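Same chain, two partners: chain A is paired with chain B first, then with chain C.
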Partner chain A sequence: MAIKIFFPTSCSAAENGLLIGRWLEEHRSAVILATLQFPFIPANVKEYLGQLEQVTGMSLSVLGTWSHSKAEADEKMENFLGELSRIFRHSPWLRMARESTSKFWDCRIERLEDGASEDVVLVYYDQMKVMLSELHSASEHSEIAAMFNTVAKNQLLFANDKYDEGPVKLTHWQSEGMEASIIVELMKQASVPVCAVLSFFVAVITAICSLRVLSGKPLSFLWNKLSTCEQLGKRLENLHVISRPEKAPDHPAFMRKASIVLSLLIDVVLGVVLMSWLYQGNRLGQLANALMPVADRVALELQGLLQWLMGAPAGLKMNRALDEVLGRFFMYHIHLWISYIRLMSPFIEVILWYIGLSACLGLSVALSILSDIIALLTFHIYCFYVYGARLYCLKMHGLSSLWRLFRGKKWNVLRQRVDSCSYDLDQLFLGTLLFTILLFLLPTTALYYLVFTLLRLIIIVVQGVIQMTIDLLSTVPFYALLLRLCRSYRLAAGVKFQMLEQKSGKPLRLLMQVNINPLPYGQVLETYRLPSRRCYPKDSWGSLCKKLFFGEVIYPWKQKKNKQQ
Partner chain B sequence: MSPVLQNPNSELYTSVRCGASAPPDPASAPPDPASDPPRWKKVLYERQPFPDNYVDRSFLEELRKNIYVRRYSYWAVVFESAMVIQQLCSVCSFSVVWWYMDQDLLSPQKLCGVGLAFALLGYLLFDAVDSGAGRKECGRTRWDDLKSSLVFIAFTYGFSPVLKTLTESISTDTIYAMSVLMLIGHLVFFDYGANAAVVSSTVSINMAIFASVCLASRLPRSLHAFTMVTFAIQIFALWPSLQRKLRAYTPRTYICVTFHFALFSVAGLLSISGVGAFLFFLLLTSVAFICPYYLIRLQLFKDNIHGPWDEAEIMEDLSRFLD
Partner chain C sequence: MDVYGNAITLQQQTYGDTCQDFTVTSAKLSVRSLASWTCTVWIAAYAVFFYTQHSAVLTAAILVSIVGLLLYLHLVKVDHESLLILGSLGIQTTTTYASGRERTVFVEMCRVQDVVINEGLSLHRVNYYLCLLLRDPSEPQAGLSQVVPVFQGSRPRVDCLGEIYRSCQEILASQREHGGKTA
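Up next is the complex of A and B:
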């Protein structure tokens, strides 16, 4: 196996000196981080490397010598460099030499364990990109991952400036001062007090929310049902995450924090834009005036639908008496609803005005309030649906158990199966009488159930679309997308090698390109997606259809989660 | 009095012996290795000089034919068929009574009175026939009977207005078809005393009740519906249990009752339709007299074989060997 030497491109013009880096024993490759220029005192060098190791936790060593001869080979220098190998006892010992006349570098390896001379592959890398990029889709122990890790951990090494007066003089990549601009510094300084204020604020709100009065039985039920409360709780949690004073421990946590900050900002900006649009002119009043007729109209349409159902809809064989009873019952409900809306109508504009203020908390909060308003305005449909479903469910269960009685069977609860059973004559008679009655009344109930279930499903779909928009706003990793767009090397999917020159007897030279393989957008979304607290419907389409068929009430999904707990 | 004479060793159905002329039992006779060729034995634990699929001539010696066949006597079978006659007549008279009610020729009060009288009479007979032995055996008290009858009457009366409007919007033909299907089902599943899988007295009674509820919902008033359902209970649920007792204790009375019942239902049908009555009469005659004769004739063609072998039967699912 050939020995690979990773060499930073920024060091290729350095003066003669020592190579400082790390030897990866399991991969048989050397990662060179910097070159050390003359003059130096060997003891100082060792001390400096020891200090670095204490901070980074990764041992660096002097791997070999580096000579860069401008003109012809210098015999004395050669000898001096040879002498150095006795002072720094690292094995293997590299001797790299670059002659300005030749394209090819000379690379010799001494003190290998097995003694055999091996092929050498020289890989050039861009130190800044390797340091800043986060390698995805590479296994934990691969060579490239180890190399990236080595470079990233020794960030401290690159922090000292080449004009600094120190005990050692190093050549490596240096930032050009962009990152250390004054605005960034100021923001960094300001973030600490801001975080402290935010966390105090969050703590106060959390304390208020956890008061016993508010988490009592009737109110907590209400909080669970309103999606606004859920959204506010989620935002509070986000604030709690980003106001933590300590630094993010690793890359995913950092990305998450940054994405949350960005999505909060975008959300609030969109909300403010919406609010400014709403409060311009008399838009709110127009909206309020439009809302009431819509609610009225929905009620009227429902009335028409019920009247149609009370006739003989589509020539179906309905039981006239039951049909009339059900129809009148639902009509009375609509009558109640209309009078309630009439009562509300003078106040609706004021209510809307105050609700509109909440848009400054973010677009997602405004949207969840809209979803709640829709839920409240269609409460009568929900009631109809629940009545219809309960009645239908009762009928289906009655019919299924009476059908077993009809066949002389019964459901054995202990064994979870259908057993045969001998019934008394009066049981048989009563069972069959009820069975007949239920069977002939089933089409009427089923039709009412079907119509109201369809209405309910339409509302659920509308609310689902709103929920999905909110979810999209709060889970899309904006920061990761921004990085992918502007600094694509920061999120690398892998690396690509480009062969420079090859000549027999001389080491193969490769150029490693980090930014050639950036992460695709889909994978960025998948990797850095913020966790969503919404619980999606866990059951499949099949089980949903089964539930609809047996008339089980399909609540809003969050209720089911509570039930499962 | 058993209707069936069972005699497996009679002259007519003698067991037939096939194969060679009675060789000695292979298990008892010791093999003679010196002179004879080795004799085949029906064992698996010994190594024998025969191929695996070898079948010895002694194999068919134990073949028997028609050992479980029964001999029927004609009049016993006719007596048994009386149950079928009774059930056919029940269905027929129920339909006739319904027709009279539907045409408003029979007032519900009259039917109710007659039904009540017959029910009381039957109740007294039910205990008198076996002088209370059956009642002691199953442990039902008179209080239980009273409770059951109260449940019947209360629920039927309570539900009769619902019954009247139940099938208003459904077409009459549908109701007729459903009732006919249900009544045929009642006849098919009825427990005539045969030991078969389809027999289920529960399903049979339920189907009859279903049919009666369907038909009752077509009647003009709710009192009609109430009377009709009560009558159905009497004729389909109570009457067969009385019949069973009569048949067990006083067969002569039973035959007499069956004859009169058949006569009554044919007469009732005659008052509606002559052709129907004639066809029904033909049906009854064929069930009572022609079918038993045919059954006995067919016994001559019976050809069952029995032997010491097991029938090949695939017990487990072998589909896993297929691929």
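Up next is the complex of A and C:
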């Protein structure tokens, strides 16, 4: 099996020296991290590497010698480099030599266990990109992953440049001077006090929220029902995650934190834009003024609908008496609702003004408030729907049990099955009579139920769209997308090897590229998606239709039922 | 020749005895088919325009043909595909599209179980394709974990695949021999 040497491209111009790196025994490959320049004291070098090992937990060693001869081969130098192998005992011992006139390097390996000479594969890599990139889709036994890990863990090695005074002089990708961005460094400095302030703030709010008064019986019920409160709670949790002063332990946690920060920022910026648009040129007043006619219009339309239902809708002949009772009942409700809106109308503008301020907390908070407002304003439709559904449900159940009686059977509660049963003549007579009455009244209730269910479904769809927008805002990993767009090598799906020019008798030369093979966008979204806490209704379309058919109340009551269980 | 009868070329490059590179270059986009497609679209658009007298139809036709051509070049049309076998490192397949977009998959040697020629039936046709059998290195007894087909864009015929298969097997066999020795 050939021996692989991973060599950083930044070191290829280095002067004569020693190769520092790590030997991966499992894969028989050597990862060169830096070259050590001359003058040095061997004891100091060993001590330095020992210190590094204590910090990173990864054993580095002197793997061999590196000679870069400008002109003809220097016999003395060769001998000297040969001597060095006695001081640093590492097997195998690499001896790499480069002549500046030729592209091809010499590479010899000494002190192999079985003594056989092996062929060598030289793989060049870009140290900066390999250090910064995060390899996805790699298993633990993978050689490439081990190599990436080695380079990333030894960041400390690259921290000192050639202007530093120290016991050792190294050549690596930062040896000409540290590479860093001033903005990033400033942000790192600033983040500590900001985090402290934020965490204090979060602690205060959490303390207020956990007060006894607020978690009492009537209020906690209200908190559970309003989506604004849920949204605010989520916001608080996110702030709590961000404001933790300690550094993120691993890559996914860091990405999650960064994505939360970015999505929060985007959310707030969008909210402020919305707010500035709302408060410009009396838009709120116009909105408030437009609300009343809209509500009147809705009430009128509903009344028209009820009138239509009380006549002969679509040519259907209804039971006149029941029809009129139901119609009046619902009319009364609309009347109540409209008077309630009229009562509210002088205050609407003020209320809207204060609610608009909340947009500075973020677009998602504003949207959830909008969702709550819609829920409150369409409360009468919800009531209609529940009445219709209850009535219809009662009728359906009555019909089904009477149908069983009609066939001479009954539902056995203890055994959970239908048993046959012998009824008296009176029972049968009464049951059949009731069945007939219910059957003939069914179309009327079914019609009311159908119309109000459709209205309710429309509102649920609108609220669902708003909820989905909020979800989208809070779960899309903006930071990962940004990284993928601007620094595609940071999220590598794999590597690409490119063959370089070959010459027989010299080691095989390969170039390893990271930036050529970034993670696809779909996978970025999948991997770094932030968790969303919203529980989607778990029924399929079929079970939803079944529920609608049997008149069970959908959406808001379902959750409550689950809680009771 | 590929399975549809278009001319393709196979290029084989050998670097040492453990490293080989196969490149299959598919046929270039012919001017005739391009011209006939655009003509069809435009004639259809002109016919619609003749009935509706709406000039937006013509604009839409031009846009559709341009965007369609771009998408075809970027997403569908494969210029060449290559399979690089590095004896000790792994196998890399690269697909280069006509627009220059590259898609690379690199599979490490510890995950490669074998390279085989598979026979697939689709309706009336027998398709032969080369594929890599992968295993999960953490559980060596578990068997196959994934099958990766190669040369999907330009489908070479079975005689061409046979040549590639033979060289691959030579390298893999020598690899296994060495592996056995060291272990």
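Following the convention adopted for this analysis, the second predicted complex is superposed on the first by the 532 of 565 C-alpha atoms of A that agree within 3 Å, B and C clash if a C-alpha of one lies under 4 Å from a C-alpha of the other, contacts with A are read in each partner's own complex, and residues count from 1 in each chain.
The rule is short, and it goes like this: a residue touches a chain if its C-beta (ideal position, glycine included) is under 8 Å from a C-beta of that chain, and two chains touch if they have at least 3 such contacts.
Just so we're clear, the structure is a prediction, and the values are computed from it rather than from any experiment.
When both complexes are overlaid on chain A, the residue A:408 reaches chain B alone and has no touch with chain C. By the document's definition of touching, of the two partners only chain C reaches A:497; chain B does not. Judged by the touch definition given at the top, the superposed model places A:317 against chain B, while chain C stays out of reach.
When both complexes are overlaid on chain A, the residue A:119 reaches chain C alone and has no touch with chain B. When the shared chain is aligned, no partner comes close enough to touch A:208: not chain B, not chain C. Looking at the shared chain after the overlay, A:510 reaches chain C, while chain B stays out of its contact range. When the shared chain is aligned, chain C comes close enough to touch A:2, but chain B does not. Contacts of chain A with chain B, set against its contacts with chain C after fitting on chain A, share not one residue. Partner chain B is touched in their complex by these residues of chain A: 312, 317-321, 405-408, 422-426, 428-433, 435-437, 440-441.
The touching residues of chain C, counted against chain A in their complex, run 13, 15-16, 18-19, 21, 84, 86-89, 92, 94, 102, 104-106, 108, 110-111, 136-138, 175, 178-179, 182.
Residues 148, 151-152, 155-156, 159, 162-163, 165-170, 200, 202-203, 205-206, 209-210, 213-214, 229, 233, 237 of chain B are the ones touching chain A in the complex. Every residue of chain A that touches chain C in the complex is listed here, in rising order: 1-4, 28, 119, 121, 123, 139-144, 494-497, 499, 502, 504, 508, 510, 516-517.
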